[in-house]
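Structures are listed in the sections that come next.
Next, two complexes with chain A in common: one pairs it with chain B, the other with chain C.
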Partner chain A sequence: MPERLDLMRWSLRLGAVPVAGFRSSRRHVESTVGSRARLVVLLGVVLAATIAANMAAFGFYDSILGSLFDPDGPFGERQRAALTAIFVSSSCIVSSAIALLIAMIVPPHSRIALSARIAGASRSLIAVGEFLPTAALIAIVVIASSGASTAVIASHQQFPVITTVSLVAIASAFGIVALIVRDAVVIGAGLLKWSDTASRSVGMLVAILVTGAMIVDIGTGALQQRTSVVARCLVWLWSGRSAPTTFVDAAASIAVLLALVALACLTAAGGGLQQPLQVGWRVLAARAVGRPSAFINFVIREALLYIRHPVTAVSLISMAVLMAAGVAAARTGLIPAEAIVIFFAILCAAGAETAHGRTRRVR
Partner chain B sequence: MRKACFPVLEIDSLRKSYGAREVLDSVSMSVPMGSVTGLLGPNGSGKSTLLHIVVGLIKATSGRVTFGDLPASDSAVRRAIGFCPDDLPLPELLTAREYLTLIEGIRGMRSNEVAIDYMSSGLRIAAHLDALVGTYSHGMKRKLQLIAALLHRPTLLILDEPFRGLDPESGAIMRTLVTRYAAEGNAVLISTHDLALAGRLCRNVVVLQDGQVRASGELAHVVGTHADLESSFLAYTGLDVEAEDAADEFFAGLEVLEGA
Partner chain C sequence: MIFVGARQPVWVRVAAQLIALAVIQLLLLVIAVLAAVPIEGVPDALLSVAPVFAALFVLSYLAGVVVPFSEDAPFGAALTTAVVLVAEVAWLAAESFLAQNAAGLVPAARVLIICGAVALALRLAKRDLRTS
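For the complex of A and B:
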């Protein structure tokens, strides 16, 4: 009976921080969106769009690429491995980008760490507890965003379920890596007494650069008919097979994942070191642009304030880098030009979201 | 009456420094059970730092904090302490009820709605339990923190400036609570600027200034031959002379105005 009581106490202790963290984050997002009703509508639309997009993408991938995976088709073993590697790497990159976006919408400062510490919770318990909702969110969004490609790959593997689970786990792990890179840089910059804004901006930039390097790695790997470094690491981890089929391989994958989660817990403890979105620096008075009409004055001033906002600056720089990579990919024929146009539209939409966020009062 | 699990809090030669800045310098004091002990000192004297070390929020540079025979870092001791901080942020996006459930969960307790309802009703915040903490006034937050600190019935209750910003009714409720909680056999340690209040509430006081203990012991012993606690506090800290000097300077300014 005492053991049962202890177990209950531990489950209560382990569950308290994640539940409170989830509630707090949910309300933060609600206040960002405007209300709970709006959030529900938004999530409904996103869910419907995600299902539709995944169904369409699955049909597209399966009809175009299905035959390429056929062992009796024109592609050899090496080409099929390269194709698989591109799919896997793309999932990892998308999840990294998603993780960074999630990091921008979740509360920038921990809302519960201090209260939990006062109540006697250890730092590690708080770190793990606060990170779990974020990790779960990353996993959910990764599944939603890469469901179609994962399903296509899995349907052509010997063990579809293991392939699906491991792909989602590895893609989620890459998302966590992006957060670790960002938080590690932020903490390092903090130790160097940089300002919060500078630390966060540099952290985001480094994480984006790491992701960019992975894109370049995939692009050059595909052009040179070799697999990317990421894919080679995975292939090495999986002992040359396209999915972990032995207990040791699966255990190794899980160990890597857990190590990454532990690292993330250490670096993301207490919700990271970001600052909430704030008003841009008001360095430009309306009179500095002469005496045009009030409307033009307003537009110029707001545009300049938008550009000078730290988050916008990071967003614009990353947009420029990614657009350059996109143009290069389109010119080399690696990615169809139509797909690049859609990609640019998404990037611009992200910038617009930042503008919207800058003008909102976020609690 | 509750039986106390640990006899007393002992602080021995406690030091805390940030680089070259010494915040606490060989602080030694004790908190007996069944009474209220007041930690008095001007702003920046190290009171909050001392309390934060006792509850494990920050680490001391050297020295010992023991509760009974156990170090303060022991999990059993942590469970025996309730802390009500001064001006530390609360989770503003949780409702008060959710916040209290979080605190209970961290302590391994099931949520006790009945107890929470009684306690919040006693502190006049029952009607606001389902409101977000962010909408609470300063006084309501203090009351909520007090409930959170008492939910596990701690043997040692530590309150950092508990009466600051409270309206007269809330202040009276808080004073009664503190006195009765100590009378039940628990130890209560409060840090406060309010010397008149400390004189009424505390059986023992510790006067801290510049990170050093200037005086400690039973109230009557510390007051000694002075008229009251305030007079003795000013004498121990040397602030009586400083107060005179400050007044002289101020009136010199007024005289300059008159001459102009």
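For the complex of A and C:
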């Protein structure tokens, strides 16, 4: 009997953390949007748009790709496999972008971890419980957004249900990979004692860059008629097939998803969800350049504080990354130098909006 | 939030912010142009882009003053960036239109936009900086 009671308590705890986490996220989004009524209207509009987009996309994909899956069509077996791999990997990458959008919307820190710890829940239980609603949300949004492409691919396979389950699992896994990358960078930046805002922003920036690199790889792979890294991984996972068709493929896809969920929980438990203590900023004085006038001292101090501020530091890092890409494009002759110089001017000027915001009074 | 120079007049604080930022951004611009353009073409490239940079720079600062922004409000930051990009694209389009139809008005328009934006930013910044 005591064992049964313990089991009941444990299941209640396991259920309580995700429910509390979901409510916390919902309230955060409600307060961001303005009110519950606005959130309902917004969700209704998004739902209607998603259904309409999926219906239109299904018609479009079916008319374009119908001949691709036709055995008597113009495509050979290898062409069919290559085009299917591109199509599948593209729909998987979309879920990475969706996961990053979700990560921007949900609260940046756990609002229940402290209460749950006081109530006796373990750190790992909290991490699992908090991540489950996010994983479920990613899966729901992936199903909603890539329903058309999944349906088109699955409807031309031998076992449509197996293909559908496998594709949803692997697309959700790609979404979770983006979150793991972000959390890993946040943990690394935390170990380097970066500020909380800078760590989160750089983590998001790196995750976006990784997703962007995968999109570029798929695009250039399709243009240069080579297999992208993503497609290669998927083909390896599905034993040489470009789309999942067997029970083993489905099992492999679900196993990958579960492994990544576990890894995501680990990275979250490692500090991704915990809010670090804020360290105060020292106000610097420009003594290193002798005793300049008050105004020059003030300007130098502004410059130093601007560089050290978390938001502006991320803005400068983003600028440097984009400039490096611009320099590479100019040096390789991809874009004319005149156009790149204008691009640099726009990029450098675009950071000015953060200058005033740094000292703005928070309302 | 750091309240530096709270006792300084508003125009001093705005000027200090603009000068400090301009130095940093110009340094970045020069480094990027040096890396992207052959060395003999760098002065011409910088001179040709300087007026556009100045106008866009002031417009961006103005957008940061107009649109609420703080590090605690990511949507506010995203909105600020969106407004900045719209303002920059609008300015480039307007300049292109002027260059095609009345090329002589381009320098005057640049001076006007820079002075007007600085004045407006100063006027609007008073509201925030006076209290902080």
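What we mean here is this: the second predicted complex is superposed on the first by the 251 of 363 C-alpha atoms of A that agree within 3 Å, B and C clash if a C-alpha of one lies under 4 Å from a C-alpha of the other, contacts with A are read in each partner's own complex, and residues count from 1 in each chain.
The criterion applied here is as follows: contacts are C-beta pairs under 8 Å (C-beta built on N, C-alpha and C of every residue); 3 or more make two chains touch, one makes a residue touch a chain.
Just so we're clear, the structure is a prediction, and the values are computed from it rather than from any experiment.
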Which of chain B and chain C A:17 touches, first, second, both or neither: first
Partner chain(s) touched by A:102 [first = chain B, second = chain C, both, neither]: neither
Touched partner set for A:180, first chain B, second chain C, both or neither: neither
Partner chain in contact with A:27 - chain B first, chain C second, else both or neither: first
Contacts of A:326 with chain B and chain C, given as first, second, both or neither: second
Of chain B and chain C, the chain that contacts the larger number of chain A residues: C
First, second, both or neither for A:303, with chain B first and chain C second: second
Partner chain(s) touched by A:94 [first = chain B, second = chain C, both, neither]: neither
Partner chain in contact with A:116 - chain B first, chain C second, else both or neither: first
Intersection of chain A interface sets (partners chain B, chain C): 363
Touch list for chain B against partner chain A, complex: 55-57, 75, 78-79, 81, 83, 85, 88-94, 98-99, 101-110, 132, 134, 148
Complex contact set, residues of chain A against chain C: 32, 104, 197, 281, 283, 295, 298-303, 305-307, 309-311, 316, 319-320, 323, 326-327, 330-331, 337-338, 340-342, 344-363
Touching residues (chain side chain A, partner chain B) in the complex: 8-10, 12-13, 15-17, 19-20, 23-24, 27-28, 31, 107, 111-112, 114-121, 125, 363
Sites on chain C touched by chain A in the complex: 1-5, 8, 12-14, 16-21, 23-26, 28-29, 31-33, 35-37, 41, 45, 48-49, 52-53, 56-61, 63-65, 67-72, 74-75, 77, 80-81, 83-85, 88, 92, 121, 125, 128-129, 131-132
